[in-house]
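Following this line, the structures themselves.
Shared between the two complexes below is chain A, which has chain B as its partner in the first and chain C in the second.
Let's turn to the complex of A and B:
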């Protein structure tokens, strides 16, 4: 290999295309430096620095939209910069901002180092953003592992017994799913490189090449096993049935901001991957992918909603309700092949889910006591009287998660339903309707706990932990979320146009 | 011709919502109450205004006052399109009148946390005006839900007995009904190929190319089931008496009086013109369900009630049976009768809930066995109650008479047997209505009531209670004596469409 080959390769490395990710990595390093320079005050400075940095990067991404690299492959096909990738970049940045906001509240109740937390959140976010733009199974897997390993650390950050248990569970299940997915990737790689088959390719990790190979061999046995294994690995990330068993325990044990991170960003990572893989790369295997997705969607919807019915711990409840949201999103993914509007619907649903979830998690962080795993429904008794602001934000967030009009969550469900109907998924729609009705019960139960005083007011009801007062930054963030939940329910305007653009 | 410098329909929707927002932003209580008068009054004035000018207003696609606003979803065929036709006009006016009466009654009720109570009622009022002014069926659904959510909260917080259970049951039943009808509406959106929720566009597309017959059957079945739950079609009615029994009076007035009509309105405005074959397919099961279940079974259940508020709740379920019968009959006459009955029932049931609460404030019980002789102490209350009872039975002079009469006439062509059974229902409603009036007001005072009256001196209706009651009664009698004020517009809208398409039923 002579030097000119390397030069051509290097010339395709357009570093400018991943400026936001590089900046995030730099910001993560800066946080470590801040701790060295200001050993005493870093507890206050670091969260602010992380937030300011994140907001600046988000502003930059929005200001430069549409990116100059749109619809272009960079790094020799490792990355592709689609509109969807840009949308998800904004999504992950917004989520990271909210995780940092909630972490400020939640970490203040612990005596633990702060810097590492924000550092890992930033690195993981950068990896998520890369993953949303990956165009190659190697980059996809490396980014996914960066995300997962970062989350292993974050899940057990509080070092209490429940948290460590959660961390261990997440580690074991995560390793299992990663190995499943890796095995699937290897099978696809091997079979696509087999010279005996038509359209075989040396670049068989590249999405485009792989798709071309799969289209030429639409019924290859090894490839179908590989596809199922990859889908199973992704199903673990999104908490789809039957890969959801880790969800309640890990969600309960993990610190509240990490639970939020898992519930929103990690789930969204799974869905970006699923859209890229199931929607385009595996498109010629629809005969296989469609029933698998239908199975995932139906069982996830039913399991998530019925399992959430009996929960009293709000973290477990929101975890299982998150499983049901994964079911709604899977309904959208199942519709993608026959209803083009489903892609926009999924993005809209993800944004709606982000806004509402972080509103709820923000309130949870304020209501939780020093023992973060112990957050019962009873602790919400009389919240409307003590902290009307938090109660209002909670009600809007939960209402939106339940899909009650005029909140944004309803619009998300509506778009998914229209797409599913266009795709002719009548059976799944019927299950989804049951899911919505069941979900009303447990969301309403939570709202009842916060608003209707008579709930759980038995003589031996445990006293709730002291509620943290709302400071300016958190108050601002929560108000913005609540406002967005209401306004986007009425008027989708620019967001709708932006999300449905190609 | 209307000469307002702004869109009266949009203003009627957003005036209450804006007042609710102002109250939510922490307006002091004194101003909140004053502003609430505006929030409830303005929709009424605007509704009367459009009623008065409807005949002379310019009509586009059969709608007067047609305007549309973009909400950024034009690409999906969703837009805020407002307008009134002959079917929606009477209900729009009904929403204005009942809303004003319920608002007045709420303001004088002195409920705990009155500000939040008024705020929720105002949101409900805004949603109600929106339901009947929307031409876009997405917003029709959207405004219904907007009005429904405050109902749940009001039952949960200000409700009476079993409020937690009632609120939960109400929420789950009505969400199920709403979700089913939403799927039905989405089915129309997709299957018609119009890819628009705009009713005018849907009508145009379906007139050019009607839906397949089986598709019509399925969608109509879905809508009838979904809307049926919302309108308390037997046997899916159990939420209604329980919910109304627990609901605070103004919420019950608005829900039973106006919001519940959403389902019937949806069937008439959407399902009948777009799915004529679906109606033919389902009309017999629907009619039998309505006459045996709602009219007869619930009628006897109503007679058996010992609790005044439960009785009113059950009677409202029973009257919905007549409305389903009119829809099943399908002819212009029958459907027109349903619209008249919806308005009449809305006014009379709201009046009934209002008076029931006023009775409760004097007797401190809803148990019929513990009342008696209230007429001596509260003659005005008893006169109004007896008038409301007569209206409920459907005596001439009240709007209910015209609704029931036209439905029965239309029903005879559909099925004489069902008509006979349905007319028997009138006797049933006379039995429970008159018996309740006699129990509460006439005869000697029971020992229980005498004891309560000794502890809490009983006074007659105050003017603040009389005014909303008189407004409702006046509207009932106005339409009772001059039904043409509504039926002219109704006739003009109904005649071309359903009569031509549903003519096969006759």
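Let's turn to the complex of A and C:
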């Protein structure tokens, strides 16, 4: 091998472009070293090290925005560094920070290894960040599998029978969805590489090349099967309607921080993929993609909200309400092709969802007992009297998820609705409004459980598990979330500009 | 000759695949799965995809399916349970069969690939080309898979090892 090969290699694989992801991987390895070096105190050091590292990397990403590689393809076209990719990088880092904060509270109630949890969270986050910038189906699939396999482990981390059941269900459904998606990818690869068709290409996994091929063959039968299969695989990940069956059981069985991770980050992964694929690569197949997305959005909105009505376990409730949030986001995705502002609206909605969800999950981690799957609405009785701070954070989070006017969730829904209106999706919009009205009922049932006395219970016997006291780090994080939920509802300012910039 | 070989391997593969499904004994089903993969490898050889054929034999037939067999024998699963075709299961079976037929039919009718003889050898066809691509163009996915294997290994340890608490919870 001569030196020129190495030179071209170095000029194409620009490792500097993915410094945050490399640092995250390094940090994950450092955590394992810490466990080796400090066998006695690592339970205390590791969460702090993970949090400090994540905050530092987040600061670095924000400080270096806009990145030097913006709108540039690196790694032989495997990655493309867009503005949206930067936004999602920040999103996944924020989510990872909050997952680690909640995990500190939740893991303290279990006698389980700690280091591996944080390690897997960091690696999965790095994979999510790469996925948000992927420009090639090979990298997309590899990163997606890293995310999914990490989540299989995290879901069954507590090793109780319910947790293991959830893990097994997630494994089987995840494998099914991955194989559907892979089958779709293979069909697209095969069709786009067929020399008999116009605009065929040897690099048919590359998004740009694939889009060019699809534009030249707008009604290819095999390609359309491939597109539907890929969309179905993504729909599994976001829990859209026909593919949502795993959501309640897995959300209930998974540990609370992992449920949060699934609900926020894993869903956001699906939507970044959907934006990249449905919005740009499959754009010339709008005749096919638009009805599929419309069907997903309408059924998901209806199913998520009506199924959540009857739930008493808060984890199942938040899981099914998460399905309905996926429906709102799908409404945004369906609007992308005709209303360009929808992309910014989706990013804003995702951030609003992140803030409110983690506020709620943070409170859930404090209220839950040692049996993590058993979190009933009744356990919240008297929370306002007992822990006014937690009750306030819960009320703000739930209010924002329901979309009550001054809070950030309302603005998120408003932007999505405006985009849908501009795109002319009036039918979907009507269904979404019905969904909002229904969702207020179950969110306020939860708030009612926390704020108002429940009748028919003896006052002296506490019917709920012991509530964890709020420590400084968690208190700070939860206050910041609650504050952001309120302030961003009034004033979107530079954040709104940044999110909706193209 | 090529036609004959194709038919031979194709019929062999389909018969073995049917064997996987209908065999009541899990060990026999696993062996049928291995034979089915051997048949598919033979089809790949006919398509000049030698590397793919060998990878299929080594990884899937050699390692994965043999591991299935090993686990089945370890757990001592007996094929006692018989699935009766009753009620909703029958309906579901018929619906799935109809869907499968519709899928095959539609692909056969509309999905015919008009192909000319291949102009160039695909990147993954030869071992040297494949390895070169793997460590130049696709270096980043290879690195990610390294982390993927690391977390799967950690996951196996975490989920199966007995944990003794050594430190106070923070």
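Keep in mind that, in the parts below, the second predicted complex is superposed on the first by the 484 of 502 C-alpha atoms of A that agree within 3 Å, B and C clash if a C-alpha of one lies under 4 Å from a C-alpha of the other, contacts with A are read in each partner's own complex, and residues count from 1 in each chain.
Heads up, the rule we're going with is that a residue touches a chain if its C-beta (ideal position, glycine included) is under 8 Å from a C-beta of that chain, and two chains touch if they have at least 3 such contacts.
What you are looking at is a predicted structure, and each value in this text was computed from that prediction instead of being measured.
Undergrad: Figure out whether A:30 sits in contact with chain B (first) or chain C (second), or with both, or with neither.
TA: After superposing on A, A:30 lies clear of both chain B and chain C.
Undergrad: Per the contact definition in the header, classify A:444: touching chain B only (first), chain C only (second), both, or neither.
TA: The answer is first: A:444 touches chain B but not chain C.
Undergrad: Please tell me which partner, chain B or chain C, touches more residues of chain A.
TA: C
Undergrad: A:212 in the overlay: touching chain B, chain C, both, or neither? Say first, second, both or neither.
TA: Touch status of A:212: no partner.
Undergrad: Of the two partner chains, chain B (first) and chain C (second), which one does A:196 touch, if any: first, second, both, or neither?
TA: Touch partner of A:196: chain C, not chain B.
Undergrad: According to the stated criteria, A:225 is in contact with first (chain B), second (chain C), both, or neither; which is it?
TA: It touches chain C, and chain B stays clear.
Undergrad: Can A:162 be said to touch chain B (first), chain C (second), both, or neither?
TA: Neither partner.
Undergrad: In the overlaid three-chain picture, which partner chain does A:47 touch, first (chain B) or second (chain C), both, or neither?
TA: In the superposition, A:47 touches chain C alone.
Undergrad: Check the residue A:487 against both partner chains and state whether it touches chain B (first), chain C (second), both, or neither.
TA: neither
Undergrad: Could you list, by residue number, the parts of chain C that touch chain A in their complex?
TA: 106-107, 110-111, 113-116, 118-120, 122-123, 136-141, 144-145, 147-148, 150-152, 154-155, 157-159, 163, 165-170
Undergrad: Taking the complex as given, what residues does chain A use to touch chain C?
TA: Answer in residue numbers: 5, 9, 12-13, 18, 25, 28, 39-44, 47, 75-76, 78-79, 104, 107-109, 111-113, 116, 119-120, 123-124, 126-127, 130, 138-139, 142-143, 145-146, 149-150, 152-153, 156-157, 159, 190-191, 193-197, 202, 221-222, 225.
Undergrad: Over in the complex, which chain A residues touch chain B? Could you list them?
TA: 341, 399, 404-406, 410, 414-415, 417-418, 421-422, 429, 433, 436-437, 440-441, 444-445, 448, 451-452, 454-455, 490-497, 500
Undergrad: Quick check on the complex: what are the chain B residues that touch chain A?
TA: Listed in rising order, the residues of chain B that touch chain A are 70-73, 75-76, 138, 141-142, 145-146, 149, 152-153, 156-157, 163-164, 167-168, 171-172, 175-176, 179-180, 182-183, 186-187, 189-190.
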